[in-house]
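Next come two complexes, and both contain chain A; in the first it sits with chain B, in the second with chain C.
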Partner chain A sequence: MKIRERLMSYFKNRSFSFQRFFFESLKTLMAVLIAYLIAIIIIVFVSDNPSESIYWFIVGPFSNLMEFGELIKKAVPLMFAGIAACVIVKANQFNLFTEGAFYVGGLVAALIAIYIKLPAFLAVIAALVGGGLVATIFGYIPAKLKSSLNVNEFVSSIMLNFVALWIGVFLISNVVIDDASGDTATGIIPEISKLKVFITGTNITYGLLIVIGIIILVKIFFSKTLPGYEIKMTGDNQHFAKFSGINVERRVVMAQVLGIFIAGVGGAAEILSNYHRFNWKTLPGFGFDGFMVTIIAKNKPLFVPLAALFIGYLRAGADLMAFNSDVAQEVVAIIQGVIILLIASERFFSSSFFKRLLDNYKERRNHKRMDVMKNE
Partner chain B sequence: MNSFWDLFSSVNFYVTIISLATPLIFASMAALISNKAGVVNISIEGTMLVSALVGAIFSTLFNSAIMGILIACVAGILMGYIFAFSTIKLRTNEILVGIALNILAAGLVIFIVYALTGNKSDYSSVPLKTISIPLLRDIPIIGEIFFNSLNLLVYLAIVIVIAMSFFLKKTVLGIRIRSVGMNAKAVDSIGVDSEKVKIIALLIAGGLAGLGGAYMSIGFMSSFNTGMIAGRGFIGLAAEAIGAGIPYVTALFAVVFGLVNAFSLTAQTITGINIPYELLNTLPYMVTIIGLVVFAVIKKRRNKNNIKG
Partner chain C sequence: MAEALIMMKDIRKVYYPDIVAINSATFSLFEGEIHAIAGENGAGKTTLMKILFGLEKADKGEVLFRGEKVFFHSPSDAMRKGIGMVHQHFMLLENMTVADNVVLGMEPKRKGLYDYKRACEITKDLGERFDMAIDPEIKISQLAVGLKQKVEIIKVLAREARIIILDEPTAVLTPQETKELFHQLKLLKKDNFTIIIITHKLREIKEICDRVTIMKSGNIEGTYDVDKISVEEISKKMVGYDFVVTEDKETLKPGEVILEVKNLSYERDGKKRLDDISFKIREKQILGVVGVEGNGQLELSGVLNGVIRNYEGDISLDGLSLKNKSILEIRDRGISYIPEDRMVDGANLIGNIYESAIVLKSRDKDYRKGKFLKKKKLSEFTDVLIDSYGVKCNNKYDQVKSLSGGNIQKIVSAREIVEARRILIANQPTRGIDIGAVMTLHEKLKELQSNNLGILLISSDLKEIYDLTESVIVLYEGKIVARIKNIKDVSEEQLGRYMLGIEVQEDMEASL
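This part shows the complex of A and B:
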C-alpha cells in the first residue's frame, strides 16, 4: 500500500484550480473562434453564395431532430477514438494503431456477426468483444516493441495500419466476399447482431450508451485504481515512476493495449450501427481523429464526449454545407488543424499569459489609487 | 513475365526501384536533418502531400515542370515554417503539431482540388521530361538504368545525399545543427541562437519534403492524386531511424524500401506464382517494421557490449 499512498499524494499536489480551468476554457474558445474566422474567410472566397453556405455550416445541424441525430451519430465513433487515444496519451505514448484497430474491429465484428450464430444479446457482445480482441492482438505488436526494444511506436504503428488495411482488403475482396453485393464487401450483417436505434426519429444507436459507459469506466480507472495511477505517473515522468518502483514497461504496454481494445470495440460498434455490409477499402481516419479529440479535451476523459460532439457538429455542418452549396466539406480539416495547433501550443494564450494580464491590471489599478491618494 | 529471374534481369525493374526510392530519399533526408536538430518531424507526410498538389497546380499554370518543382519546394518550406513556428515559438508538442499538420494537409488538398476542378481526387500536371545522356547511355546495362530514363529530380536526390553528408560534417551551420540536437543549452551558452538554428534545419527539411512531394506528382506520375503519398513520409522516418543518422546509410535503406515497393508492384506480373496484389501491398510496410526491429536489436546488443567493455 505504500506505493499507493505515495501516488495519491503526488496527484493531490496537482489539485483542481478554478482559475486555471477558466483560463484553459478561454484559450479553447479563442482557438475555436480564430479557426472559425479563418474558415469563414475561406468560404467567402470560394463560395458563390457564401451566406447560404455559412448558414448551413453553422446552423444546419440544429435545424431539426434528424440533423441533430446525424451530429450525434458522427460524434459516437469520435468518442470511441477519443477515449482510446486518451488512455494511450495518458502514458505519453503515441500508438496510432487506433486507426487500424477501427478497421480490424469493424471487419472482425462483421465476420463474427455473419458466420457465428448466437442468440440475440450474445451475438452483439461477441461481435463487439471479438472485434476489440483481434485489434488488440495487432496493437500489442508496436506496444511490446516499444517497451522491450525501444522501437518508436509511432512509426511502427502507422506501418502496421497499412498492413492491417491491406490484409482486410484482401479478405473482403477474395475470401469473405459476397458476390451478390455487387461490390467488394462481406455478406449482409444479420439484424440480430446490429446495435438498434434507441431514439426513434434519429440514427442514434446503443453505441452511444456503450461509449458513455466506457468513458465512465476509464475515468474511474484513472482516478480510483492503482494501475490507473501508475499509468498516469508513467506518462508524467517516466524516470520518477521507475524510481518509485513502478513497472514502467508493463504500464506502457497496458495503456496501449487498453486504448487499442477500446478503438477496436469502437470500430465494431460503428459497423454494427451504421452499415449493412463491411465494405471499407481505405482506413476510416478515426484513429487520427481520436488523437485530435483528446488534444481538444486536454486529455481529460470526461471532456472527451464534449470535444467529440464539437467535431461531430463541425462535420455534420460541413456535410450539410457540401450537400446544399458549392463548398467541399473538407474545409473542416482546416478548422481542425488550426484548433489543434492553437490548443496544443503552450504559449498561445497560456494561463501565465492571462495571469500576467491580470497582475498588470491590478498593478495599474493600485497605481491609480496611489495617484488619487497623492492628489488628495 | 515468367519467373523471378526475368524480373530481376529486366532493366525496367531497376528503373522502377530508383523511381520509387527517390521520394523516400527526399523524405528520409528531411527526417534526418530534423532529427539532427533534435526534432521528431512527422509532418513530412503532410508536407509532401501539400507540395505534390502545389507542384501539380503551378506546373500547369506556368506550363513548366521546373516552375512547379520550385514552387512546390517553396510550399514545403512554408509548411516547415508552420511546423517550426508552432514547435519552437509556441512550444507545442512536436508530435501533436505533426498530427495537426497531417490532418490539415489531408483535408486541404481535397478542398483545393475540389474548388479548382470539381472532382475530389485528381489534378493533372505537366510532367518532368526524362533525361537521356549521350555517350553514357550507351554503356551496357548501367547506361540503360542510370542514364536513359530517369529525370532531373532523381539526380538531384543523389546530389542531396552527398551534399547532406558534406553539409553536416564540414559546414559551420551543419555542425551547429548537430550540436543543437545534442545539447541546445550548450549551444546557447556559447552565444549561438539555438532556436534559430533549429528553425533553419526545419525549413531545410520542409524544402526537401517539398521536393519529394513534387517528385511524386511531377516526376513519377503526370498527375496529382490525394492518396499518392501513402505513408512515404513515414517510411522516410523509418529509413532515417534505421540509418542511425548517417546520410549514406539512410539513403541505402530508402533504396531498400524502394526495392521492396517495386517488387510488390511488379511481382503481380509474374505468371508462375499467384500472390494477390493486396498481400503484396503489405510488403513495404512489413519490411519497414522488420527493419526497425532488426535495427533495435542490433542497437540493444551494442549497448550491452559497451556496458560490459
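This part shows the complex of A and C:
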C-alpha cells in the first residue's frame, strides 16, 4: 500500500500522466497493428499457403525455447547499436560510424583474442574493450572534424565506414588470413575468449547482460550526471547551451565518442558470441539499424531494448517464414520498412485524435447516465 | 446595436492534458473597429485569437460569422472568410524576397510558371495604398524588425483579409515605428478594415483602439468602449490590483568601476557594427543602452558575453582583461546575461522547466558531487525560482514549450539574476511580458543594484529606461551618439532624435 502511494506521488511530481502514457502507447500499438495488417495482406497475395506463412511469421519465434533464443540473439546487437545511436542522437548528431565501429570492434576483438594470450576473464575484457577503443579512435575523426571545422559528420562518417571496411578486408585477406579456413578469415577464436551461452538450450550469451548493463549506465549518465545533462541540452538547443556557457564542441565530440565506443564493444560482443572466425567482408548493417531502433524508442534509453526486441522478433519471424514457406525474405524487408515508417511518423496519429475519441466516449457515457437518471 | 461581425460564444480551451488556457470566453467584434484584447501573459489572449484564426480548435463553444455558425478547421478556412493574422514571432522565409513572401501559396502565374514581376507589382501596389513603401525585391533577412512586420501585414492584405489580427505588434518596435504602424492601422480602419490588437500596453489601447476586451486568467473580464474607461481601471481589471504607473527611483551613489570598455570596434561583412565604443559601469549603477533595433545592441551584448571574440579594443572586468575569453570563462568571472531571444538562446523549449532553470547552477560545486548532480538540491532551487518569480505552470516538469512567452522570460531572467555576481547584461529583459511580471523583474534588478552590482540594460522600452536608469548611452549605427548623465534632463522626443541619428550630442562627456 505504502509503495503504491509513493509511486503515485512520484509520478505526480514528474507530471507523469497516465492518460498521456496510455495515448502514447496506443499510438505505437496502432502503428504496429496497421503495419502487421499490411504485412498479412502482402503475404496473402504472394504466398500459396498464407496461413502457414503467417503462422511462422507471427507465432514462429515463440514456438519453442530455441526459436525464442534466436529472437534474443538477433536483438542483442540491435540493442548495442540502438543505445550507441541513442547517445549520439541525444547530442543531435548523426555520426554513422557506428556501422564501421561494429566492423572494427569485431575485427580487433578477434585479433586480440587470437594473438594475445591472457587468462580467461581478462581475455574477454581485453577483447571487448580493445575493440571498442580502436573503433573510438576511428570515430573520433568525424567527431573532431565536426566540432573544429564544422565538417558534416553525416557525410564524413559514412565515407569513413568504407575506409574502415577496406582496411579490414585488406587485413583478413592478406595479413591475418588463416589458409586453413578455406575462406578469407582470421584464425579460430580461442574458446577462452568467447562470450559463453548463459541460458542452456538457447544461443543467448553473456552479451545480453553486458548490453543491459550498458543501457542502465547510459540511463544514469543522462539523468544523473553533469556531462549527460549538458549533452542533452546541447542536442536539444545548441544556442541555449552555448549561451549558458556549456562547452558545446566538447559535448558534441563526447557524445559521438561514447556512442562509437559502445558500438565498437557491440561489434566485439557479436563476434565473440556468434563466430568462430572473423570473416566479415561487408559492413554488418547493425550500425544503421541502431538509428532505426533509437527512432522507434523515441530516443529514450530504457525503450531501446524493447525496440530492439521488436525488430529482433520481426527478423526472427522473417527468417522462419523464409525458411519454412514460400515467402521471400525481400517481402519481409518491405514489411519492416512499412512498420518503421508508421512508427516514425509520429504525427500520423496525433494524441488529440485519441483524446477526442476519449472525450466523445466520456460525453456519451455522461449523457447515458443522465438519461438513466431521468428515467429513474 | 448593429449585428456583430464575429461572435465567439462560450469558448473553452484546455491544452492537452490539463492546462486550462481559456475557461469560458464570449467575445464580439464589430465591423470597422479597432478592438484591443488586453490581459497579462497567459491570460488566454493569443489562444482565443488562434481559435478564431483556425490554428487551434476550441473544446467547447461556437463561432458566428455575420450571425452564421462557422467552423474553422485550419487557417485557410479563416482566410476564406477574410480573417488574417500577424503573429508575434514572424513567419517569413528569410532567404526569399519580400515579393516571394507576400504571394507565397497564391503565386501569380503566367503560362503556368511563377510570375515574379507580377508578384512585385502586387506587393508594391498594396504597400503604396497603405503607406508601407517597401522594396519588393529585397531579401527578408536584410530587413529590420519593423519592416518585417510590414511585410507580414502586406501578406495578410494580399490574401484579401478584411479582419486583421495583430499579436503584440508593438513589442518589437521603436516609438517611431510604432507611430508609423498606428498611422497605417488608422488608414486601414478608414477603408473599413476590422482590426484586433493583442496587447498589454495600456497607452496604445487608449491611443488607437475603439473598444477593449480585457482577459484575466482564461476569463473575459469585460468589453468596454475605450473612451469610457480610464487607464487605471483597465490595469486594475487586467492585473487585479492597482499599480502605480510611475515610481520614484531612489538614487544610489555609484561605487567603483567594475566593467570598462575601451575603444571597442567590431566589423562584420565589411560593415562596422560597433565603432569606437567606450564606457564604464560602476557598482550600483544601471547603465541604459538605447537605440533603434539593429544599431549595434546585439553586437555589443555579443562582445560582452563572449559570443563575439574577434573585436578590436579591450574590455576589462575589475581591471582584468576579458579579451579572448570563452563564454564560460566570462560567466565564471561573474557576468550574467539575459539574452534577447529567449526562445532560442535563453531556454530549451523541448525540455522541461527544470532543465532550463538549472543550466548555470548545475556547474556549481555545491550542487554536484563530482560528475553527479545533486538532484534534490537542484529541484528545490527550481521550485524557489518558480515561486519567487511567479512562473505560471503546473510544476517544474512542464515542457517549456507549453508556457507563454512571458513565463519563459521569467524563467530565463530569474536564472540569470540569481547567478549574477558582478555584472548583469540584460538585453530586452521585459519585452512582451505583463505588467505584474515587469514589476517583479524591476524590483529584482533594483535589488541587484543595491547589492553593489552593475547592470547594463539594453532596452527599446523607453519607459523602462526612464524608470530604472540614470545614465544612458545612445547607439546609432554602432557609434555612441549621446551620453546622458541624467535621463530626467532629456525628453523622450530629444532621445528619439538621437536614436534616429537626426542629431548628435554636441559636447559628449568623455566618460560616464
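As a working rule, the second predicted complex is superposed on the first by the 330 of 376 C-alpha atoms of A that agree within 3 Å, B and C clash if a C-alpha of one lies under 4 Å from a C-alpha of the other, contacts with A are read in each partner's own complex, and residues count from 1 in each chain.
By definition in this document, contacts are C-beta pairs under 8 Å (C-beta built on N, C-alpha and C of every residue); 3 or more make two chains touch, one makes a residue touch a chain.
What you see is a predicted model; the values in this text were computed from it and never measured.
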By the touch definition at the top of the document, which applies to A:Asn237: first (chain B), second (chain C), both, or neither? second
Who does A:Met30 touch here: chain B (first), chain C (second), both, or neither? neither
Is A:Ser156 contacted by the first partner chain B, the second partner chain C, both or neither? first
For A:Pro227, decide between first (touching chain B), second (touching chain C), both and neither. second
Tell me which of chain B and chain C touches more residues of chain A. B
Can A:Ile246 be said to touch chain B (first), chain C (second), both, or neither? second
In the superposed arrangement, does A:Ile58 touch chain B (first), chain C (second), both or neither? neither
In the overlaid three-chain picture, which partner chain does A:Leu133 touch, first (chain B) or second (chain C), both, or neither? neither
Per the touch rule, the chain C residues reaching chain A in their complex are 16-18, 59, 305, 307, 326-328, 331-332, 337, 339, 344-351, 355-356, 358-360, 362-363, 368, 371-373, 375, 394-395, 397-398
Please output the residues of chain B touching chain A within their complex, sorted ascending. 40, 42, 82, 86, 89-93, 95-97, 99-104, 106-108, 110-111, 114-115, 120, 227, 230-231, 234-235, 237-238, 241, 276, 278-279, 281-282, 285-286, 288-289, 292-293, 296-297, 299-300
Complex contact set, residues of chain A against chain C: 13-15, 17, 19-20, 224-227, 229-230, 232-233, 236-237, 239-247, 351-352, 355, 359
Quick one: which bits of chain A touch chain B in the complex? Just the residue numbers, please. 46, 94, 141, 145, 149-152, 154-156, 158-160, 162-163, 166-167, 169-170, 173-174, 282, 288-289, 291-292, 295, 327-328, 330-334, 336-338, 340-341, 344-348
